[in-house]
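In the two complexes below, chain A is the common chain; its partner is chain B in one and chain C in the other.
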Partner chain A sequence: MIPFLRKRMISSAIPLFCVVLGVFFLARMTGNPVDLYLPLSATAEQRAEFSAAQGFDLSIPAQLWNYLVDAAHLDFGTSLRTGQPATEMVLDAFPVTLQLAGVTMLLAITGALLVGSLAAYRPNSLVDRIASLLSMTAASIPDFWFAIMGVLVFGVSLGWLPTSGTLGGPEIWVLPVATLLIRPFGVLVQVVRGSMVTALSAPYVKIARSKGATPRRVIFGHALRNAVTPVLTVAGDLAVGLVNGAVIVETIFGWPGIGKLMIDSILQRDFAVLQAAVLLTAVTIFALNILVDVCHALTDPRVRLAVPA
Partner chain B sequence: MTTTAAPSPAAADIPDNTPALDVEGLCVDLSTPSGQVRAVDGVSFSVRRGRTLALLGESGCGKSMTALSVVGLLDPAAEVTGGAVRVRGSDTLRMSPAERRKLAGPVLSIVFQDALTALNPVQPVGRQIGEPFRIHRGLSRRQAHEKAIELMTRVGIPEPRQRARSYPHQFSGGMRQRLLIAMAVALDPDVLIADEPTTALDVTVQAQIMRLLRDLQDEREMALVLITHDLAVVAQRADDVVVMYAGTVVENGPVREVFAAPRHPYTRGLLDSVPEHAVRGRPLPAVPGSPPELSAVPAGCVFQDRCPLVRERCVQERPTLRASGDGRSAACHFSEELARA
Partner chain C sequence: MPREEPTTADTTAGAGADTTTVGTTAADTRDTTAAGAPDTTAADTAADTGADTPAGAASSPHRANWWRMLGRDRAAAVAAVVLSLVVLVALFGRLVIGDRAQRQDLDSSLRPPSLGDGVYGLFGTDVLGRSVLARLIDAAATTLSVAVPAVLCSLLIGSALGLWAGYHGGRRESLAMRVADVILSFPSLLIAVVVLYVFSPSALNLVLILAVARIPVYLRTARAEAAELRSRLFVDAARTFGTPSRSIIYRHILPIALPTLLTVAALDFCFVMLTESSLSFLGIGIQPPDVSWGLMVAQGRQYLQTAWWITVLPGLAIVFTTVSATVLAAWVRMATDPAQRWRLTLPTKRRGASAAVPPELIP
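Entry: the complex of A and B
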């Protein structure tokens, strides 16, 4: 397992470096921060002074070099908006997103495994039809629409749930998690159902039944573990989508996570924070992919034992 | 062969005359995109403990479907529409799923052809082999594991203690078939059904597996239902044979007598196509044509399109399986004629 992990980390390093470069150049294409930060009436001297202080007067290669050297020291500079170190701001915001995404994925995966397995046990039964219809609907609803309708119905009309913020009891989680949950849940139910139908028609399931195994034993003891491989792959993709998709939900519900931080930084041309945020998100996505591979190896001995010791 | 002695509850204790498995008039319908078709049409046979019955026929003749109906493992698309499957004096087709599960393992057991897909790829083999003891005897994980090691030793797996923790893909084809057999005989079933147990193996391994099955059958007094299209296996291993064609039984009886003097032209055709009698330079004899589609089985005799003896009567009237008093039956209007020829 250890050589396998090391190999995966090394092969992730190159694309990660490309992300680092990409962030630097793309951020500079969004506009000149000097224009944004100083009033229109600023004199040429003031502009030059500001540029020099922030390092914007250097040539692009020189700016890039400084950025890379600092990044290697995990120093992404200070925020133009707040004067705080960018790394600090990003590390403050990140756990908020991680919590939101973690809770959502946990609920989506457990829920989908239950509903998908039930639907797959008797294909074309009433349960299956209802599950398929609902999951198809869930997978097709745009999350921003769901978020806005949620706010309108439960926040404004009924007044049951707070519409934004992170202060309060468990009820503050309901709308953001529900919004993030709905699509991954719908997609995962379909994937679980599909791979369970395949697994349940496999000869080893027949053999398990020929030993007198109860339906519960057949589903959870034999079929499920074989069915999880595609589920894990898709769940990994969806988790990546959640870390990214948090932008919309965090903006709508005012959660101070990494998504909101990124959007604010773009709007304010806050390069340092933006670069740090994008980089951390990228690292998370690479880590998630490695995690999915590790899970594959754990659930499937054919993957695990194929890795030469 | 066609014993229909009144089944008694103590059947299991009297192995001599009461069959361990008695199938009568089994019918299975299959839902296909073009509608319902009859895949198994009135199949009857019975087998006593210690005896071997071969279900012989080409692919698609309904022999596997028959086997799966007996153990209650039909796909949802197939449905038993008639007949009886009696073990220990009760008809399993009239039992609840829970009652049937109680029989699955201790009374009826099955071995499949493809042992790689028949073993669960993500469970260590020892756990799978020990599972019947967990389900039916309530043994602990550890006790079941010990039982699995005993069984693996019995079926000839080298170093069973270490190998019990290995996964199916780490075994050869022959070893996997041994594992599957170990699992099937774990609880000493009355009846073991072996669905083409050697088809996927090479010839030397086939012989080993057949020997293992025979040894296990002898020591456990099992009734063996051997499903195959291999005439040599039937000749060597079976006591009785049931020849199936297009979902029906066309001939049955003791193997020795049926093979010596077949009373159905299909059996005759099969036996003639064994390459032993072949002459160099001459095409191998074969039964011409192919079996009818299940959706287009002819109204008269099912074999009429391929039969060298076909007459007007064969097209009009389907021959029934007639017993001839000597333990044999054939479904042919002209079986006496064939016997004389």
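Entry: the complex of A and C
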């Protein structure tokens, strides 16, 4: 397990480094980064002063070196909006998004395993066709529109749920989580169904049945364990995609998470914060990918053995 | 009995089935194809003459067969009709409506949908009195003019790179896959957000970003197909005759990989459309005075309580288009897979009879 982890860490360090470099060069590709960092209304003196203070008058390799050293110290400068250190703002916002995404993925995976298995048990039955159609629809609904419809129906018309904000009981979670949930859930149901159909037609299922195993034991004891590998891969990809949803959901429902922070810093041209947020998201995504691989190795001995020690 | 393959799910999984996944989906599919082909001709007595190559599908008796199959599947037929309607509206709608999408009339601001206000009042008006129907038509053209070029670009570049990498293998393959991994491990919205921060949001930039962000999807699929096909006998034979690798890829590998790639493209079309509308909704996509469906939702949001139609209708337009594309993609996937095509020639109710789990196994 340890060599597996080490190998995986090293192979994901390279893309991560590419991202760090990418952010640096993107900031310099359009010319003077001072334009990016300072608000549009900054005067010429402010620009010169800022340029000297941030070391933008140095040569490009020297700037790159400074940037890398600062990034290694988690120092991404201060926000132009609030004057707070960018790292601090990002770390404050991060747990909110993580909670939201965690709850969503947990619900999506559990729900999809149940519904998908049920649909796959009798392919082309009524249950299967309803599940397929619903999951296809769920995967193709634009999440921002779904959120607004939720607000319109449950917040405005019926008045059951709050329309935005993070103050209150468990009911504040319903609409944001439901919005984030639809796409991963829809996609996962289809994946679970597909891979369960394959697993259920495998010889070992036939043997299990002929030995008199109950349907529940056949599905959850035999087939699901073997069908779970592609589900894990797709779930990992979908968890990465949750960042997309988080941006939307946090903007609509006013949650102070990292997605809202990113959009706010774009609209108010606060590059230091945007940069810190992007890099933190990148690190999280790479950690997540490693986690998915570890889960693969845990559920499938073939993956474990395939990695040379 | 042909083995059941995961249909739509397989495509989704294909995007992620890479380094660590043990069972290679592509190889799996091919096995089934080979095994299922004789069954296909046996089960399908009507028109299938056994020429099951994708090239054969272009000949006219087969084309008729395709139409008939489409007619048999009600969901796919409806989806095809909806999609063609959207395309027609996008192509010719602007000629019909003229400048009505921008024409303001403050006297008739926020009129609800009604049958009494003529064609352009059918879906009501927005806060500036502009016809929502006209704006929907205008937005259809904008939305498709971003989504279609983006999908075509990523399909062409991604497939070419993927087939090339998969056919040659070795260092070229691993380099291409590394690059794909880096791009794909980023949420596309995040890439778009950062790039649109640096460059100004415009339709062209949107197309470029979406194309780059989706190239890895085709690259992975094409690579998997080519890597599996390169060791086939007919490729070996072509190589023995001294065929240059460019022609082998183009004439022997591409036709087999094409149906899969097109299915992926159809699914990806939904994804690109949704991303474009999300970006427009967030204010960093299509900019006014241009209008896209996502932007319309954003503009209607503040009048949600008084004028629901401004927000609901463009959202419905997005849902209808993307759901249709998904349904049609699932159908095309089944129709181009010789091992499964026979299912489509049966009436829907009878298809269940030969389900993936053989009936004798169901307790």
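Worth pointing out:
Note that in this section the second predicted complex is superposed on the first by the 266 of 309 C-alpha atoms of A that agree within 3 Å, B and C clash if a C-alpha of one lies under 4 Å from a C-alpha of the other, contacts with A are read in each partner's own complex, and residues count from 1 in each chain.
Heads up, the rule we're going with is that contacts are C-beta pairs under 8 Å (C-beta built on N, C-alpha and C of every residue); 3 or more make two chains touch, one makes a residue touch a chain.
Being a predicted model, the structure only gives us computed values, none of them experimental.
Residue contacts after overlaying the shared chain place A:Phe4 against neither chain B nor chain C.
Contacts of A:Arg225 after superposition on the shared chain: chain B is touched, whereas chain C is not.
When the two complexes are overlaid on their common chain A, residue A:Phe50 makes contact with neither chain B nor chain C. When the two structures are aligned on the shared chain, A:Pro123 is found in touch with chain B and with chain C.
After overlaying the two complexes on the shared chain, residue contacts for A:Lys206 are found with chain B and with chain C alike. Counted by residues of chain A touched, the larger count belongs to C, out of chain B and chain C. When the two complexes are overlaid on their common chain A, residue A:Asp300 makes contact with chain B and with chain C alike. In the superposition on chain A, contact is made by A:Arg217 with chain B only, not with chain C. Within chain A, the residues touched by chain B in the first complex and by chain C in the second are 122-123, 201, 206, 209, 300, 302. On the chain A side of its complex with chain C, the touching residues are 14-15, 18-19, 23, 26-27, 29-30, 36, 120-125, 132-133, 136-137, 139-145, 148-149, 151-152, 156, 187, 190-195, 197-198, 200-201, 205-206, 209, 215, 229-230, 233-234, 236-237, 240-244, 247-248, 251, 262-263, 266-267, 269, 271, 274, 278, 281-282, 285-286, 289, 293, 296, 300, 302-303, 306. Per the touch definition, chain C reaches chain A in the complex via residues 3-10, 12-13, 15-17, 20-23, 25, 75, 178, 181-182, 184-190, 193-199, 270, 274-275, 277-278, 281-284, 294, 297-298, 301, 304-305, 308, 311-312, 314-315, 318-319, 322-323, 325-327, 330, 351-352, 355-358, 361-363. Every residue of chain A that touches chain B in the complex is listed here, in rising order: 122-123, 201-204, 206-214, 217, 222, 225-226, 299-302, 305. Across the complex, chain B meets chain A through its residues 68, 71-73, 75-76, 101-106, 108-110, 112, 114, 117-123, 131-132, 135-136, 167, 169-170, 180, 183-184, 186.
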